[in-house]
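One chain, chain A, links the two complexes that follow: it is found with chain B in the first and with chain C in the second.
Right after this comes the complex of A and B.
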């Protein structure tokens, strides 16, 4: 059991690394998809740059949420200084706590990017409808925020459990 | 929280005054021209599309000419130039402009023509240079390239694809002597030769040459290559001078840039005028202009018009079926948010303007999401500098945006101080790394650290959500009261209020919820009982009444049940406010990450320097990203959660017939929308 407990920190770190890695990867992909679509619009109408840029950046937040959870996890498990004494069970708990952000972060990001690109189409044709167009991708982000919330509360909560 | 009242205006006037009256109305900028009367046998509308189109072409020409000027003169348009606003010019300049109008259009056309000439000459140069390239191998030849021979001899000029020496060629041709071969030039790719033979050997020599892949030159000229070369060079020079001259001429038109800019403005005004004229009803001597005017301006304009011209003006209240245009009227605090409301949709028929109520929440929600005193300060500082420096010249939409972010920045500072977030935890980090501070935090929060008590922050976010939603519901009630639908208020607002509030109290009394939220309230038993009864009563009330538009009682109950199911919608709405916590934490935590990274580099002599650079760049990036997030999600909470409760929109903004110029502001002209 003692030896197994040595691996607790490994699992916890795995969670922290994945939660920075997976949503970050998805955000990079999503923002690049938006960039490709946006660049096309800019060639036609350069004055739309500001609006298109906002739409492009919307799916970029998942990567930041991932970073946020990763950072909180790292500081909780003592990788950033402090003791790294994490039991095996706790390690698994940390990994599980990161899961919502890892999975929802990835999927919502790609979906949001699609909504963003569709909204860019709206802005290209009707620049004055930007307010409405922006809401469609923002609706998708809600679920990333909910996942962030649960991951955040869970990581915080696991720290207080004595196992 | 209001919209300006509108009136219908009818102006009956003589055709001879038409231009002056329209100019006057355009300068006033208070009338939106709409057709309200039908055409009949005497009064007709006139079609001005053709004239409008003509003017549009002129605008395009001027814009193209200006673009060309900018390209050749390296005119740099900085981002700040949009803050400089429009120059003011007196009305007389506008009136006299038609005298030089045609000459300015001609200048624009001339500039475009010159640009075309430049392009043509550039193409010409390219063509000549290709010919020069082809000619280069033949330069040593002193006879024309199309030389075929003399009376008794035949000459062949051409090239072999590979390098050849003179001996090799003579070897191959030994049979057909007498023969003269001259190598004009020889490179790796080809050998250019001139062959001369007697006439009787001509065909055989040619055949032999063909066998060796001999090819004739691709150009045929009757001059010697050197002569031709000089001619071509000369041609290139000529084209180049022409280009230079054209560029010089274009540059000389720089002095007319202002006039070209004014031309676009002038023609924009003319287009507006033609559009207004297209809506006029005209007979032989009389025309009728109809439209909407804000009530407060109605009498003034009427008096001004009657004092200046011979006409009749009639002001009446709008009819019920009229789609009255929307013109906001808000105080300075709420006014900046009018654009946010408009980008959702201006208030529809019979709806109130939600801007005032929205502004109470908008700034607060934005501040909670950004929630850093440092960032709030930066934001407020930038906006106030912009407002002080350019406040007088910039157009109203931009000014409103700056004002809006100024208030947002102030709200952000407020929340930042409450939660003690100053550029993340910059004071703690700087104190620890450079001054060895031990007492942490350096500045304790006025309220609490959201990172340490996320559940408290979550409850607070949801509490704000509940208040926001209830305010939305109250607005619905207010609108019903205005429509005198008092039953509706009880059914759709009061029942829901009772149900929602009693449900919240009941939830809070549950031990499980108390444990989750870490809020312990000891409610007396009877309060809980009363709440349960109230909840049941209001739920039954909702089931019975919310389907009241159906006559069929069975259908009515079903619809009522479905309406009660809407309570799940309220649940998700409230949960949606958890983004206040998430986004607020994101700002703070990422700010701290930046500070920590900077602190890692702080050792060594260059430490403080690198520390400062990392802090500045890191926080600038964090501010930009979280600013975007706060803006988008504040809008979302307003549009989806808040407006969802009472607001539909669908109105049209007031677009007065006025001076919609881009570069110049004509003195003594007013315009709603950009004072």
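Right after this comes the complex of A and C.
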């Protein structure tokens, strides 16, 4: 049992690494897709830069949320200082706590980028409809925020469990 | 199975991302396409010159010289292809639209070699094959330097032209090979829009051939050589109905997806042509709201071609003093 418990910190660290890695990769890809589409619009109408930039950056938030959860997890498990004594079960719990942000972060990011790119098309044709166009990709953000909330509560909650 | 699905998904995603830049630019370019009100404005011009002035004001032409109607339309077509060249790395996706020019050039080269004359003005510049290659193939009878889809037809058409002097049969062979190549390329790209476009294009060509054959009293041999296999029309049934006359063709078409065309065919061939163009425009219209894939670029290309055709109809009408009501009857639906 003692040997298994040594792996608790490994699992917890794996959760922290994945939550920074997966949504971060998704955000990089999504922002790049937005950038490519944005460049196309700017080629034709440079005055739309500000509006297009906001739409490009919307799917970038998942990477930031992942970083936040990773940072809190690293603090909790003692990697950034303090005790690194994490039981095997607690390690699994930390990994599970990171999962909502890992999975929803990735999927919402890719889908949000598609909504953002479609909205760029609206801005290209009707720049005055930017407000409405921004709502569509912003709606996808809701689910990333919900996942962030659950991961945040779960990581904090696991810290308080004595197992 | 799982691997198959994931590879298909990643391929779709790749295709989606390949044209992001191009589609975004096209979204802005669509703003400058002519709408119905622009066409009305053009119609309200009294003379051809007035129309050209209006077109220049709207950015048509190269802005450096006083261009004629043909020069204006040619430069607009060139501008569209220059834009596509900027937007797409691999221009072979547009070969469906250019094969027709290649086969026209092949026809022109064979006819010129047969007559022993040289008329460079008969060639169309935009094609996928270098004109020098076509000319060399014909002059040296070395058809192996031509692309595979063209070799057999070029050799057969050449033999027939030179041995029998039958220009019509030579034309039929080349036209059929052109349609076959366009159809195969359009279907081969696995793009739904392009696939549907070539389906309509080939079916319309088949309908026109069948009707012309009835009017000119052509036999089954001619129809068999000229008609092209496609999914939406049964070649055998079309030949059978053409043998029985015009009404029989209309009856057969009424049982196909082209049943709406029968009424137009009864009016005139121009009305049928307009119906075909409008059907293509109706089909591509949803691409205005599609931010991914190659389809919006293809739709823009077809919309530009439709725009150029409409402008040509108006200006030719103005030039020849044709009444506005007659011109309006010939006008196509616009994409925007």
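Throughout what follows, the second predicted complex is superposed on the first by the 163 of 163 C-alpha atoms of A that agree within 3 Å, B and C clash if a C-alpha of one lies under 4 Å from a C-alpha of the other, contacts with A are read in each partner's own complex, and residues count from 1 in each chain.
Heads up, the rule we're going with is that a residue touches a chain if its C-beta (ideal position, glycine included) is under 8 Å from a C-beta of that chain, and two chains touch if they have at least 3 such contacts.
Nothing here was measured: the structure is a model prediction, and the numbers come from that model.
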With the two complexes overlaid on their shared chain, look at chain A and say whether chain B and chain C clash or fit. fit
Which partner does A:41 contact after superposing on A: first (chain B), second (chain C), both, neither? second
Chain A residues touched by each partner, larger count belonging to chain B or chain C: B
For A:25, select first, second, both or neither according to whether it touches chain B, chain C, the two together, or no partner. neither
Between chain B (first) and chain C (second), which does A:79 come into contact with in this model arrangement: first, second, both, or neither? neither
Look at A:10 in the shared chain and tell me whether it touches chain B only, chain C only, both, or neither; answer first, second, both or neither. neither
Where does A:131 make contact in the superposed view: on chain B (first), on chain C (second), on both, or on neither? first
Quick one: classify A:117 as touching chain B (first), chain C (second), both or neither. second
State whether A:96 touches chain B only (first), chain C only (second), both chains, or neither. neither
Across all Cα pairs of chain B and chain C, what is the smallest distance in the superposition, given in whole Å? 7
Following superposition on chain A, which residues of chain A contact chain B and also contact chain C? none
Mind listing the chain A positions that touch chain B in their complex? 54, 57-58, 60-61, 64-65, 67-68, 71-72, 80, 128-132, 134-135, 138-139, 141-142, 145-146, 148-149, 152-153, 156
Contacts from chain C onto chain A in the complex sit at residues 17, 20-25, 27-31, 289, 291-292
Listed in rising order, the residues of chain A that touch chain C in the complex are 33, 36-41, 43-45, 114, 117-118, 120-121, 124-125
Residues of chain B that touch chain A when the two form their complex: 340, 342-345, 454-455, 458, 575-576, 578-579, 581-583, 585-586, 589-590, 593, 596, 625, 628-629, 632-633, 635-636, 639-640
